[in-house]
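Each structure below is given as structure tokens.
Each of the two complexes below includes subunit A, the first together with subunit B, the second together with subunit C.
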Partner chain A sequence: MTLELLRETLFLEKHNTRLVVLGVAFLGATAGLIGSFLLLRKQSLLGDALSHATLPGIGLAFAVMSWMGLSGRSLPGLLIGAAITGLLGVILVLAIRHTTRLKDDAAMGIVLSVFFGLGIAILKMVETIPGQSAAGLDGFIYGKTASMVWSDFFLIIGTLAVTTFITILILKELTLLCFDSNFASTEGWPTLRLDILLMGLVTAVTVVGLQAVGLILIIAFLITPPTAARFWTNRLSHMLILSTLIGAISGWIGASISALYSNLPAGAIIVITAAVIFLLSMTFGTARGVLPRYLRHRKLQKKVGRQHLLRSTYEILENTQDSPPLKNLPISMELLRKHRYWSKGELPKLIRQARAEDHVERQPTGELRLSESGFGEASRITRNHRLWELYLIKHADIAPSHVDRDADMVEHLLGAEIVQQLEAELELAKSTIESPHLIEAES
Partner chain B sequence: MNWTVNDLHIILVGGLCAMACALPGTFLLLRRMSMMGDAISHAVLPGLAIAFLISGTRTSWWMFFGAAIAGILTALFSQWITRFGKVERGAAMGIVFTTLFAIGLILIKQTADDVDLDAACVLYGALEYTPLNLVTLFETETTILQVPHAAIVIGATLLFNILVIGFFFKEFTMASFDPALAETQGFRPRLMHYLLMTMVAVTTVAAFEAVGSIIVIAMLIVPPATAFLITRKLPVLIALSLIVAVLSAILGQVSSQALPYLFGLPETTSSGMMATASGFLFLLAWLFGPDGLIKKRTGELEKPMELED
Partner chain C sequence: MRPEHPPEFPLSVHDLTVAYHRKPVLWDVELNIPEGTLAGIVGPNGAGKSTLLKACLDLIPKTSGEALIYGKPYEEQRDLIAYVPQRESVDWDFPVSALDVVAMGTYRKLGWFKRIGRTQKNQAREALEQVGIGHLADRQISQLSGGQQQRVFLARALVQDARIYFMDEPFAAVDAATEQAIIELLQNLNARGKTVLCVHHDLATVSRYFDYLVLLNMRVVASGPTPETFTRENLQKTYGGKLNLLDDVAHALKNIGR
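Moving on to the complex of A and B:
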């Protein structure tokens, strides 16, 4: 029965929750979009400072409106107040950063704590203004999702539209600002004004989100979706779309779940939904996720290990034979181990691997012998290594006695195309190349 | 405005708390981790709720451990996300603390709705009520010296912080300025990092019940930042930030009584005003300090910085 209810809520079939679910989803989309730029600008916590800095504005707006004889609780007034102090807070952060030796984190921390403290003091003061009820003003701290009405909904839609429009309009400038702001300013872009415009957009999203999810949890909306999206892609455009989607989905699912259980605070559920998506992305994200990265690393390590093994075997064969046509003779394990100083556990692992790939075979005597295909592979790998060594000696002025390690750092990533380029560059097309540092190999 | 012995008690608690926070805050500032205080003080919420779930009481010790563990976990999780996920530190911190805060909100809503454990209390604290719970230090026939219970808890925290920092001063300094060098010298900067995080967590938790987390965040960041604008020497930096901390507490309490009076309103929260006062002191240092805005505008160009030995 609960599942049925959840389905109804998720698919917006229930009239009374449709508005809230849609509203929060659109808010999540907007925050996800604009938060991406904050993340790339390495300013994620600025949303934190900003949202805390809105509190005194809410209190002051209430006081001013009461003093003018209006209702102190008029929402547009409160939000305008919030936006003013929020933006002031952000500008102060920028000012502290530009005029003192203090770094970002301290600047944000100062604005956040002082403004929030001031906000609480002001809220406490205005509570006692006669003839006005300030009760519920602190609802902005935790948010009141369920009380969303049509005007809030239109406000959110409007913000989303404006933010998307501006983002598309100045996407190039924002991209430049995020990736290389110094370059942007030397190229003559007005980086400070762009920064302030970006902050203005963040302020708009934050202030609109205050009512819906509260000032602490809107921070999560600005940070979590873009960070999650970053794990899946290295392209900005993809990241923006993905982050918008993740924000929307977290809002959608979170608001639906909380609509079913009256005692679950919606803001919190939304944040946790986003956090779950983040965890999944961090683990499985194809571009930078932990698991794919680990697997790629393992694969590379395997390849490097195999190439080391084959090249060592080949080098030993070269060292133990005098006349050129190189014969594929069995070599002893001990000799092999000493050649690269493998540990006792490492070498058998590599050999198991190479045997599975049919590159080496074990002789009845316990010695190791390259297979037909292994011999060819070993000769190719060794040749590549030496090509690279020669290139480094010739063009990077690396001493022959040191070049082995440097070549080792890059040779495993060589593709066939680069090998051809190397051959052309070095004017070498021989099938075998002698080691440029024979002294080391003989020792 | 009427000044009573209560105000002295509030200043005592607030001042001790401010100093207890300013000490680890100095090193947080040097390590560019000031926002960690903010993250930890939000993230202790689930620790408190779980401690309540397990123990069923609001006994201070349970709460203390629950919150301290949650605080340390915040530092640990952000570290992991930064390291394994290669996420920028600020973003990692933001994700961890908002998630933990959300979990805390849900736990509290589910379990402790009827108990006096709400998020608002964690945020604002109840500095005004500390004089209600007094402990007698000593009593003679003519005089009686009483201090708030909270003053003893926070005084102990301050002492703990002084001892830890005094004992590991060299290690902390080295780890803050040059972690790589510290590592090669065998000073274990990572251990120092977690020790610092533990200190921040313990201080946050000890203070939250009495004064609320907002003052903790302010005092972790603002006094050291203010001192940082005035001096470049570490011992002076620490001393100055302690002074700024105490001044904020005094100024905050005075203005919490005096400021609303100007508008014809009754008093306001002490902790909020203490945070505001520290911001005011920062503003003064920013404007009038050695490389303050005023001086920059009127004076000649700064001379290049010279190394001090």
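Moving on to the complex of A and C:
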């Protein structure tokens, strides 16, 4: 196997694999699109029950077509059979949910395993039908792209095109259904029929995907792309586009690789590709990925730490000097260490960081002194902090949600008038007490 | 009852019984809400307050009885009604912005297949301004505080431009500023002749907020204008056995005297 061959396959230069790769990529795109709504409607597991419930339909369709004297392996017939028992499985889950007090997961577990077991049994039985070869029917379980031919291709592309068209047509209605179905229903939207339509669209994708991906793994094709996409964005439109793309790419790469190694089932490779994209998204996703979140948290920690150090230094300067103006004198480490609680190793780290930022400098005596820029920054941080404290005390009952200690521009959030008022009060307080913490105790 | 109003009430409920799993939650509810009132539905936990709203809106099946909107079934009168569900009833992690949620209030008038355009977006923006969070229009809804989320729901109801507003616990778990903003908004709607029906659980504010009151505990204990209905006797009938609430009741009763 050479890289050249892989490149040819990926870029559709090889005639015999072009069809399969294109078909599976389109399948992935459609699955990513409709899968987004399946996920947002919180019905992923129902999709799994659906795909497993298609198996008996395949076996039964084969038997019926054989008895009618047709070829038992005609794809349209098999897929219709699959769709019928698949939907039957979904209806059964819904019926169990509504008529008994069983929870969803139990209902789905039962339906999924019973239908799958039934399917396996039926497949074994139809193998004995004379004059027909049922060999290859089990390809629907794990997926077998190599068995796709021209006529299958048109059936699959046609179904996917119709599914995509309907989904895009009712984007607004599906969004409303998934977000707030009660509200949708009071507004007169037929939520039950929309739910059925959604499951119908999922069924269409599942059924035409059986041949390529297999019924066990098709659910991953529906669910992995949207979950991966969600890590990158908080906007539905972007999520849908990304999910479609991720589905298409997974299908493209997966089908290409499995076309080269004929003994590798396409479904498995596709799912692994999708999983790799999922892992990358989970780690690096800009909206909710683990790494960006960690980095944001670290940045915040650093900022808070810097504020603590500078404010503490400033407060010590205030405490140790009697008359204004405040002079920027060196202070001892001992005072700083005692001024507030520092976790183990925190203070040296913060000082290192502040020195790198040119906010403090160490004196030859071992004492610490604010730099010129550090002094200005410390004074600003301390003032803002006190304004917020004072605001909280004065207006505690009104708007705690407005408090943002990090905000550099207090004026923007509170309005110049309130800030002026607060500053006047701060001046008044300064003459008698040091920190507005104490005001609370006094009043 | 004020005779100068038309005989059809915004909401009239007759012999309504609702049962979950063979256990009745509401018994023979008989109720008329007069036009232009700011009405509170008050009762202990599990009294069926939300159930009453949902049954009137056909969200849960009625075991028997009917609920009429201006004398007609709900299906024919949807245009007249805005519904604000309980905040916890939806997933606030959903990937939409505050503006998107508010725009959902325009979907019904828009009809099938059509997408929202500038008109709808402007309507939604205006409604968000009215509830005081216009600056948060593009924020993803999970990044809003509880009070802000409640305001988003309220803005969606404003966009619907209804005649009757059904609100399920709009004051539940919101900050004081939001509570104040919401009640002002409801009073404002009320002043413009809208009827507002509000499930509420805080007895201390009942007489301040509502001019009409429905006391509910699986059945309607009493209903009528607040001054006549909010009495010691009625409250004891409503909250009777709920000992843990007696302090609450005593506190509320103290306010009646004033």
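In this text, the second predicted complex is superposed on the first by the 336 of 443 C-alpha atoms of A that agree within 3 Å, B and C clash if a C-alpha of one lies under 4 Å from a C-alpha of the other, contacts with A are read in each partner's own complex, and residues count from 1 in each chain.
As a convention for this text, contacts are C-beta pairs under 8 Å (C-beta built on N, C-alpha and C of every residue); 3 or more make two chains touch, one makes a residue touch a chain.
Bear in mind the structure is a predicted one, so any value in this text is a computation, not a measurement.
Visitor: For A:278, is the partner it touches subunit B (first), subunit C (second), both, or none of the two (neither)?
Guide: A:278 contacts subunit B only, not subunit C.
Visitor: Residues of subunit A touched by subunit B versus by subunit C: which partner has the larger set?
Guide: The partner making contact with more of subunit A's residues is B.
Visitor: Mind working out whether A:93 is in touch with subunit B, subunit C, both or neither, as first, second, both or neither?
Guide: Once the two structures are laid over each other on A, A:93 reaches no partner at all.
Visitor: A:259 contacts which: subunit B (first), subunit C (second), both, neither?
Guide: Touch status of A:259: no partner.
Visitor: Taking the superposition on A as described, I'd like to know which of subunit B and subunit C A:387 touches: first, second, both or neither.
Guide: Once the two structures are laid over each other on A, A:387 reaches no partner at all.
Visitor: Check the residue A:120 against both partner chains and state whether it touches subunit B (first), subunit C (second), both, or neither.
Guide: First partner only, subunit B.
Visitor: Figure out whether A:198 sits in contact with subunit B (first) or subunit C (second), or with both, or with neither.
Guide: A:198 sits against neither subunit B nor subunit C.
Visitor: Identify the partner contact of A:108: answer first if only subunit B is touched, second if only subunit C is, both if each is, neither if none is.
Guide: first
Visitor: When the two structures are overlaid on chain A, which partner does A:186 contact: first (subunit B), second (subunit C), both, or neither?
Guide: Only subunit C is touched by A:186; subunit B is not.
Visitor: Which parts of subunit A are in contact with subunit B and also with subunit C?
Guide: Shared contact residues on subunit A (touching subunit B in one complex, subunit C in the other): 42, 101, 230.
Visitor: For a test of understanding, state which residues of subunit A touch subunit B in their complex under the given definition.
Guide: 39, 42-45, 47-48, 96, 99-106, 108-110, 112-122, 124-126, 128-129, 138, 141-142, 216-217, 219-220, 222-224, 226-227, 230-231, 263-265, 267-269, 271-272, 275, 278, 282, 288, 290
Visitor: Name, in rising order, each residue of subunit B that touches subunit A in their complex.
Guide: Going by the criterion above, the answer is residues 29, 32-35, 37-38, 42, 81, 84-88, 90-95, 98-99, 101-103, 105-106, 109-110, 113, 119-120, 123-124, 214-215, 217-218, 220-222, 224-225, 228-229, 256, 260, 263, 265-266, 268-269, 271-276, 278-279, 282, 286, 291, 293, 296.
Visitor: Note which residues of subunit A are touching subunit C in the complex, please.
Guide: 40, 42, 101, 169-173, 175-176, 178-180, 182-183, 185-189, 230, 233-236, 239, 397-401
Visitor: Using the touch rule from the top, collect the residues of subunit C that touch subunit A in their complex.
Guide: Residues 21, 54, 57-59, 75, 78, 81, 83, 85, 89-91, 94-97, 100-101, 104, 107-108, 110, 112-116, 140, 142, 145, 147-148, 156, 175-177.
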